[in-house]
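Labels run A, B, C and D following the written order; every chain starts at residue 1.
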Amino acid sequence: MKKIINDPKRVVDESVAGFALAHADLVTVATDPIHVVRADAPVQGKVGIVSGGGSGHEPLHAGYVGHGMLDAAVPGAVFTSPTPDPILNATKAVDGGKGVLHIVKNYTGDVLNFETAADLAAADGIEVRAVVTNDDVAVKDSLYTAGRRGVAGTVLVEKIAGAAAERGDSLDQVAEIAERVNANARSMGMALTPCTVPHAGEPSFTLAEDEVEIGIGIHGEPGRERIKIEPADSLVDRLITPVIEDLPFSSGDRVLLFVNGMGGTPQVELYLAYRRAAEVLEERGIRIERSLVGNYITSLEMQGFSITLLKLDDEMIELWDAPVHTAALRWGR
Amino acid sequence: MKKIINDPKRVVDESVAGFALAHADLVTVATDPIHVVRADAPVQGKVGIVSGGGSGHEPLHAGYVGHGMLDAAVPGAVFTSPTPDPILNATKAVDGGKGVLHIVKNYTGDVLNFETAADLAAADGIEVRAVVTNDDVAVKDSLYTAGRRGVAGTVLVEKIAGAAAERGDSLDQVAEIAERVNANARSMGMALTPCTVPHAGEPSFTLAEDEVEIGIGIHGEPGRERIKIEPADSLVDRLITPVIEDLPFSSGDRVLLFVNGMGGTPQVELYLAYRRAAEVLEERGIRIERSLVGNYITSLEMQGFSITLLKLDDEMIELWDAPVHTAALRWGR
Amino acid sequence: MGLDITWAVDWVRRSAESMSEHRVELINLDREIGDGDHGENMDRGFQAVLPKLDDLPAGSTPSDVLKLLATTLISTVGGAAGPLYGTAYLKASGAVGGEVSLDADAVVRMLEAGRDGIVLRGKAEPGDKTMVDAWSPAVEAARGAAESGASAATTLQAAADAAAEGAVATEPLVARKGRASYLGERSAGHRDPGAQSTAYLLAAGAAAASNGTSA
Amino acid sequence: MGLDITWAVDWVRRSAESMSEHRVELINLDREIGDGDHGENMDRGFQAVLPKLDDLPAGSTPSDVLKLLATTLISTVGGAAGPLYGTAYLKASGAVGGEVSLDADAVVRMLEAGRDGIVLRGKAEPGDKTMVDAWSPAVEAARGAAESGASAATTLQAAADAAAEGAVATEPLVARKGRASYLGERSAGHRDPGAQSTAYLLAAGAAAASNGTSA
């Protein structure tokens, strides 16, 4: 394992400390237990939004703390959900009197820890609602599984819900739009290479020189199937087809096309994938209204990418375009 | 070699095509020969700024085309300087009557091809000046070498010169500030892993499981020395010390600290490195006024990072803060 | 002879030792069908509780130790295992509240409450390839032992043995809860890391008990 | 017998073939001490000129062929090699302008002008571990051959042989120009890719010439 780290046990602490120094204008970082809070929190009269989860997916979530998006992020150990304490602290820190929304990716650990924190916050008189994202079509949803995973769609939920909160929506309204974005978002990813969790020291799985994993999760969880590498256009087709057919997205739909890198993928490959994805949508009469291309929700240094489609309505477009000022996503100010 | 590509010979064309589709609001892309031009070019009464070089360093340069930065970018084949034709075409396309600045990284190929293009543009009556960036302290500068390489400092030159052009400075003034930024910027990088040029199909060099390369260039050119991997803090010290001592940067200086990823480095590691770099500067009484952390000039999927320091003056700070709206760098609008 | 505060503290100490010792093994099991952090998570949690044991007030009961363990795990482990084990120990603590010394029946009540806590939070059924597949046979075995008149220590040993078998028996199963469920059929052929850690934790309890009896 | 338009066209064709054939080898040499693109760059450039050869107007001279080659390389190769070889062929073209058939002296003039063009643009001296280290001995050898009365073909063969030796002789050198110079001492022990491509290109010229003589 080669990484730019010191003690594997201190990776998250030291990285978040660096983040705090680099973005002191945007965030305040509390340590022990660690959570990242918008510098001007709590914003009175605004719904607070807290998200979090295991570290290793940066810029998710700390990179999205700031005006128009999250009020706080709670990073756990690498790929490990945070415990309830920092979630509770973050929830208290961002409560501006209008309640707090938890945006939680659908993993057993995240759901359970956020649940506990929400119970504790409620006991302290803070109104909390949770939206659980589960946009990954790679895993069959069923009563007999943990359900679909929350992946790249989470970024879109955070941006759009963040804008709704910023314009003054109520907790119910913010939760409703967050649910709506999640319900209209679908994703699927693939990996060329595994990633290595610092404290594990070994790659999360192994792939032969000519193999790729289709349907990969964002924790290096193996996916749907392992196949021989194919040209980029075929790989894009393998991801976008199930995404399109799941919702389904149909001719005339307006979408946001999000091509996300897994952390170790060069931009040149992401845009190359974007080209094919746009072509497929064009062929199907699906209109790309907005785009996002880059490493926005990652798995450490994993190489690979995911494709997310979000079916847009006018309100979502307006909220997507609204100003946002965070470390990783910024426009309009 | 595992990459998200189709035909290795069409990587740049297809990727730039994707870029054009994703950022149609910002840029227009001319093909054959390929160059990326600001959507509203030529901006009358504004100095045009053109940069370019081999592909594989994305977001450099196309990601920096837009308001407040570059007017055009000319991507060559991967790691290969573009030929004079597209540079000439780009130069003509962005000439708004006030002349054009070429920002060229100091590599024999880039210098020669931009020189030829400038001669041809001059023959067409366009006033062209070139600024050659050479901020890499890893390579000893000497009469007997090709001189220092232009690396991450180039991004800072492009941003600040771009802002000067946007506010209406003359060609001489824009060139002067570009020279000033280059003269006050120093960088050094390292790599954990090599990168693989698509048409080569093999890694640019090999490193053992426990080796890193100090002083790496942005084309996977081997650097100063190969050492056993060390903790992140020591690696940061190995990069920042020669950077500080070269200019030199001294107590009381105000700087921009730029921690750049080589393309395959996760953010968690970049911020961890930033933490140590900030600590070193603090110890030396050097004041961090501005920061930039991320993958801004890369070597395909190479893992590693570089540290750049720019000694700031008031004008540079003002120009750094000025609005910029490009695919990869955006604030203030 | 029942299991008292000394046993309870010893259980936690031995558990911490076992989690350290098997940290890499549990990480590797979790890498196969999860995300490779289970050993790290458990080790972090149990290391965190050790210093707190010294601050237990005089007169503390096994229930107090279990509660301390529960709250520490909840606030340090994270992931799925943190809340699940946290709830297990919290409910176990409640089931033997106030008792100074646990007899065989108390051991059964404790284990059953623990298992029920996990099921309440995690909604897994036996056969879903989770830690429940170690806890459930452990509870049954303990009940059987206690009903046939075994000592508390022997009862706990029976539970530990059954948990170990239960962990092994997760290998052919297809996971239907937790991260491994994303793998579908491909989860078969691997042991569930949480079931294995459960086996180690109950083995630590049994070892502490037999040590107490023989001492 | 001098070297005429047929020879010139054949030289370019054989050069293209040689660059294709040695593409991977030149990439690998460049990977060692550069950025791994030299073979790709040269192959792209020479492939681009092939279709244009068919459009040469009747009455074209070797100089016209060299000029076409020069402008094509300049506009398709990029990198350092594009402008350097481009300038070399442009100056070589100029040195034999209007001549229908090149004798040994013309071959020397052509090679010398090419070498000087490279030095003018690249500022490298012999011993800097660049293509100049193949071109310079080639020019000297050609001059020696021509002075001792050799034919144009033999003169070119002498140049090609000297270039090949010159390329080999770059191996122990420490690079002082181009990308390899960044390596300092570590560039020693590797052959310069540009010197090697020069050797192949001159060999192609000599082969075309000897083919012409024997035909």
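Here, contacts are C-beta pairs under 8 Å (C-beta built on N, C-alpha and C of every residue); 3 or more make two chains touch, one makes a residue touch a chain.
It should be emphasised that the depicted structure is a prediction, and the values quoted were computed from it without experimental measurement.
Engineer: What are the mutual neighbours of chain B and chain D in this structure?
Structural biologist: Common contact partners of chain B and chain D, which must touch each of the two, are absent.
Engineer: When every step has to jump to a touching chain, what is the lowest number of steps that links chain C to chain D?
Structural biologist: When the steps are counted carefully, the minimum from chain C to chain D is 3.
Engineer: Report the chain whose CA-based centre is farthest from the CA-based centre of chain A.
Structural biologist: D
Engineer: Any idea how many Å lie between the Cα centroids of chain A and chain C?
Structural biologist: Here chain A and chain C have centroids separated by 33 Å.
Engineer: Take the average of all CA coordinates in chain A, do the same for chain B, and state the distance between these two points in whole angstrom.
Structural biologist: Using C-alpha averages as centres, the distance is 29 Å.
Engineer: Please report how many Å separate the Cα centroid of chain A from that of chain D, as a whole number.
Structural biologist: Here the centre of chain D sits 55 Å away from the centre of chain A.
Engineer: Got the chain C residues that touch at least 2 other chains?
Structural biologist: none
Engineer: At least two partner chains per residue is the criterion; list those residues in chain A.
Structural biologist: Those would be 78.
Engineer: If each chain is a dot and touching chains are joined, what shape do you get: line, ring, star, complete or other?
Structural biologist: Per interface graph, the chains form a line.
Engineer: All pairs of touching chains, please: list them by chain label.
Structural biologist: Chains touch in the following pairs: A-B, A-C, B-D.
Engineer: How about chain D: which of its residues touch chain B in the complex?
Structural biologist: Interface residues on the chain D side: 27-28, 31, 34-37, 40-41, 44, 74-84, 121-122, 176-179, 181-184, 186.
Engineer: With touch defined as at the start, can you tell me which chain B residues reach chain D in the complex?
Structural biologist: 33, 54, 76-85, 107-109, 112-113, 115-116, 138-140, 144-146, 149, 197, 199-200, 202, 204-205, 217, 219-223
Engineer: Going by the contact rule set out above, which residues of chain A touch chain B in the complex?
Structural biologist: For chain A paired with chain B, touching residues are 2-7, 11-12, 14-19, 21-23, 55-56, 58-59, 63, 78, 192-193, 209-210, 212, 229, 231-233, 235, 263-276, 278, 288, 291, 293, 295, 298, 300-301, 303-305, 330-333.
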